[in-house]
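Here the chain labels run A, B and C in written order, and each chain numbers its own residues starting at 1.
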Amino acid sequence: MPGLHRTKDIPKNISSFYSAFTQELASAFQSKQVQQPLMANPDPEMSGGGEQKAAQGENTEAGKSAVHTCQQKAKAWLLLLLSYISGDMEVFAEWMKKQFFLLQLLDWVLRGAAQVMFVNNPLSGLVIFAGLILQNRWWALNGFVGTLFATISALILQQSRGAIAAGLYGYNGILVGLLMAVFSNAGDWYWWLLLPNIVMSMTCPIVSSALASINSRWDLPVFTLPFNILVCLHMVATGHYNHHFPQVLIQPRTELANITWAEVNVAKLFTAVPVGIGQVYGCDNPWTGGIFMVALFISSPITCAHATIGSAVGMVSGLALAAPFEAIYFGLWGYNCVLACIAIGGMFYALTWQVHLLAITCAFFCAYLGSAIANVMSTFGLPACTWPFCLSALTFLLFTTETNTIFKLPLANVAYPERNLRFFWKLRKKEKLEREEKERDEEKWREKEQELLGNDKEVLRMERMDGKGKGDGMEGKEINKMMIQEEEMMEVALGEVSSMAENV
Amino acid sequence: MPGLHRTKDIPKNISSFYSAFTQELASAFQSKQVQQPLMANPDPEMSGGGEQKAAQGENTEAGKSAVHTCQQKAKAWLLLLLSYISGDMEVFAEWMKKQFFLLQLLDWVLRGAAQVMFVNNPLSGLVIFAGLILQNRWWALNGFVGTLFATISALILQQSRGAIAAGLYGYNGILVGLLMAVFSNAGDWYWWLLLPNIVMSMTCPIVSSALASINSRWDLPVFTLPFNILVCLHMVATGHYNHHFPQVLIQPRTELANITWAEVNVAKLFTAVPVGIGQVYGCDNPWTGGIFMVALFISSPITCAHATIGSAVGMVSGLALAAPFEAIYFGLWGYNCVLACIAIGGMFYALTWQVHLLAITCAFFCAYLGSAIANVMSTFGLPACTWPFCLSALTFLLFTTETNTIFKLPLANVAYPERNLRFFWKLRKKEKLEREEKERDEEKWREKEQELLGNDKEVLRMERMDGKGKGDGMEGKEINKMMIQEEEMMEVALGEVSSMAENV
Amino acid sequence: MPGLHRTKDIPKNISSFYSAFTQELASAFQSKQVQQPLMANPDPEMSGGGEQKAAQGENTEAGKSAVHTCQQKAKAWLLLLLSYISGDMEVFAEWMKKQFFLLQLLDWVLRGAAQVMFVNNPLSGLVIFAGLILQNRWWALNGFVGTLFATISALILQQSRGAIAAGLYGYNGILVGLLMAVFSNAGDWYWWLLLPNIVMSMTCPIVSSALASINSRWDLPVFTLPFNILVCLHMVATGHYNHHFPQVLIQPRTELANITWAEVNVAKLFTAVPVGIGQVYGCDNPWTGGIFMVALFISSPITCAHATIGSAVGMVSGLALAAPFEAIYFGLWGYNCVLACIAIGGMFYALTWQVHLLAITCAFFCAYLGSAIANVMSTFGLPACTWPFCLSALTFLLFTTETNTIFKLPLANVAYPERNLRFFWKLRKKEKLEREEKERDEEKWREKEQELLGNDKEVLRMERMDGKGKGDGMEGKEINKMMIQEEEMMEVALGEVSSMAENV
């Protein structure tokens, strides 16, 4: 769900580490010695940053010796496979561009389903739909209809193709569809509900686009604000006492909840963690929540970890604020924190340990805010939706500080935590190199100056000043330059991989 | 009501074609040959773009032959009359500038009354006041006081003279005055009410100016937001249980409305359309609504059509969402949609059929939003006011798309739908001409290149690139240039017409 | 509390009038003739602008004659003393920079306590804490803890050092701490309350920074918005029916208040004025309110005057809107108006009589808004906090007008009313001088032209145009230039004062 302005040309500069083991792979495939791909499965935790290090390590080794063991080849084979299904599956997206339109649409819908959790990955989307079907088939249907029509509406309204292809117009649709079914009081399989569902999900792109016009001024994404607005709109426009589309009755708390600490069920508190993740899609089945965790893990382990931390933080906050145990078990304290923790923890900020702490702070703030908003909204018979997440994440993204360890990524460069991290590292490295270079230049000039001390010192000083000026100028343009260079590297890498594939 | 930044210099270049046949007319009147002005009445639909074409047609004709039939003169006479009273009555406004201050103030107040419906026309304002008096004389008085003091306050606070003269500081005043009277529980002719009425309407320009500071960042108008804020402020600050200024009691719905479809009164549903238009000013009399439609028609038929469509859409939405029939008959579902449909359908967007569809979509969205906001506001004992219109229209104005058939006018160029449309057409024509010219230039260069193939080809290519560069540069500045050129064209046209008139 | 963007380098250019009497003082101290410093106390009203005039007057005198009477020396000695403790105590702040960290922190905390009233003065802060202790020691403790942790949190989060040192991160903390204690239903000395108190006050800098990112786009301060958000958050998240942190029960009015005008207590109405000032910090003790007035007077008499006017306006508004007398006596109608009147009356606008009227208008608007917001918030069991002040002051700061007597200071130049006024005067003087200079240049050129009439007129005209161009260019940069020059003057002045001090 990273902002509506991530256009298709940006994600191109994907995982340049691919080129790292292409030559090695070429030989591995040629010698047909790949024997135990599934058994030699490397720790999946490595799929993010791990792969790269491994690949780089092998690469340098490969340069030294031509001896390849069978195990190395298997590992390489697996890394390739992982590179294809993890992250944002860019290679797959590229391949999809040449396919039949309906197949493309399905890809966009699946990506849209996963983008609720900031994951731009059709496989994750598929797993998520599986989880939804396990929970409730009527809800899953409504979710699918919502995503589909939101995407179609975005196409009709001629929104940015890149954003549509990344699922950025679908994720509000799936939430609108799902939650309208969840909060309907008419029971499952009340087919008339599809009508407002379609209308509301088709309105999503309009509201998204309008909000993006505002938020883009601060380089902020719209998050799930369109969903919040539209579901609240539908629920409060109809209400509990409606003939056509009645909503479940939600009323404000008016007496002391009966909380006895002896009655707390520790096992249920633990299941509240996956349930909290499931509640992002309105699901209270812990297995569904577990399936969603798998979906997150496929694309980005960092995201998965932060989702779990967020849900746990929410649960703890609920206990601290003396919430009724049922609400905690039901995951109502978790889902906003899950989203807030993912958003801050590596998605829109580059993950450092300071950012990690900030993400946890944000999750606590979000839990607090969640309780407040739930109480306020209940006055109008409304659920809290994901307002707490949106407001807390926006607050923490607007926050500025003078430290350089908290680096907010430009919205156009947001991808997934692992890639964001790599972007951040490269930027830092570049900066460091340039600083060193400048220092070295300074050093040289000083030496030269001392040599030529006598005759033409004045001329030299002027030259030196020019040299300095250029160095300073470079700093300003470094981000743009870096991006261009990364893209070039990428194209080279992709070319190598494809040529290798042909050899196989 | 188009934005506060339409300053006086912009509307100046209005329908300069009016002057096109004034001298001609002068002679026509002198020769006393005007015989059947009312019978030869041209379709009023032509009052917008039609007139101009007619005028242009005559103009070219006049250049060719000096033979003028009696009918043509009558037609011209009528067109002149129409041109004086339709649109924004610019000629009248110019004439007013030299009059007594109190007369000017009356003009501004009348324009302010009409600006509620985006109409900058004192005659429409007069008709609207007639409608208000038909409804309730006490309300009409309050409305007048509100408009008057809002305008005076704007003068005291030294706001833009152009905006004041266009009634842009009055329309919130009339609504504040009217609705404070409508929602007062103290009964009619409770003279103390004029006190908060004056205070609140004098606060209007401050709130308007403050909101304009924010909205202008997105080139958005403030709509009726100041009215909404101030009336809600007054109502909730005093409330139903107040000794001085009690408000009518508004409470949230707490049980199922009794809706029997057999009881629906189709005739009443149809009268709900004019009543919906009347409810923009808080009036439930269908005749008042009808009078308002006439007022709209005088200034701009497109506005009138969209008002009717909007009201109908609101009525249908009410039925779809199972609203109590009384609320629908009472026009409560219509008035917001009326305003939203006018605003989107030709006022702030140039009217194309895509925009027309967008306006209808916006009206539906507005109806939905209206129901939602009414339910939320009733919790605080407040009516929905025109919040739904403001929010939905702002959303649809913030919406961006990649198609060029949905063209949002720069706020400074917003006038009335017919003129906006002409502005849009000219812009398109200009763009087309420039594109063709560029293509022709390219063609020429290509030919020349082939001729000179041998010797000095290199030199020529450089020249050509310079030519291209200039062509590209033009695109960026096209709007400004267009406006300047439009003015120039206008002056030339005026010169020709007047010389022609002398010939006659 | 003036905005978060006032960095440390700006307040440096303090009271350049110091230099005005340094030489005079030097001699006064050398001759050891200072005898009656306290008796010759000049009217404290002069501490603001008065001093300067006096100083300037003496300065010119001093230039003429070397005869210094004993009285003059005493006066100068007192002015120096006043200059040290009034305003923003810049000299003290400079001296503090070299002190022990904990002492600095205490300075920041005291300034933070005073910044609630826009006063950047540790002495005022100390007096305010005295007032709080008089009211309730538990509240005072909570306030201190809030300020302390908000400041520490800002340090941890690496916010601008200048803003922290001015107490701009503390004032929300003290309000959060105080009001959480005031609205807690758990009674005084419920030590667990310090936990959410610390959490919430540590969140203050995050919310402040986020809001500043938005408000800075319109060059607006964040006021007490972070406090409003966080206290409402805490209160509504826990609510009246909470086991850990119960809040006092606040319910909407549902019946006519029993108001008998005969029962009005005029004496109590008068005490409502200081009580209103005390209610800014949640205190209902009139003596505490009186102490706060003293604290304001120390730093800025203009601020003190506007606080009193604001409180009186609020009281009158309460009577006009038929509020229950108890609420008026309790100061609930006053505190928002106090803050709004201070903010508009000289703090963010340069004080002219138009601005003074605007401040009173704003106070009335604020009272109205206060009643409205209190009614709305009571639906959620919340108090109005200082939302009315924030919203009304922001509205009046966003308001634009074409008159030049209402001058909004750039946020970076906001200090205290007296200094703001001096800034405004200098700006005006500068503008006038430049205008005159330009006119004189024009005159010269005209004369020269007439002299050289014949031969080289054409050349001269070109030169003249160049001259003009430069003159125009200057106008654009005048503010920046002025600031730089003021800084230079300041450094010279400070240098003189310190050298003089060494002589003593």
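Going forward, contacts are C-beta pairs under 8 Å (C-beta built on N, C-alpha and C of every residue); 3 or more make two chains touch, one makes a residue touch a chain.
Predicted model, so just to flag it, every value in this text is computed and none were measured.
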**Study point:** Cα superposition of chain B on its sequence copy chain C - rotation in ° rounded to nearest 5
**Key:** 120
Check your understanding: Same or different: at the chain A/chain C interface, is the fraction of residue numbers used by both copies above or below half?
Key -> different
Exercise for review: Measure off the straight-line distance from the CA centroid of chain A to the CA centroid of chain C, and report it in whole Å.
Suggested key: 44
Check your understanding: Residue numbers in chain C touching 2 or more other chains?
Key -> 217, 379
**Study point:** Complex interface listing, chain C residues touching chain B
**Key:** 217-218, 253-257, 259, 320-322, 361, 364-365, 368-369, 371-372, 375-376, 379, 394-403
Point to revise | List of chain A residues in touch with chain B within their complex | key: 157-160, 199, 203, 206-207, 209-214, 217, 232-234, 236-239, 241-245, 379-380
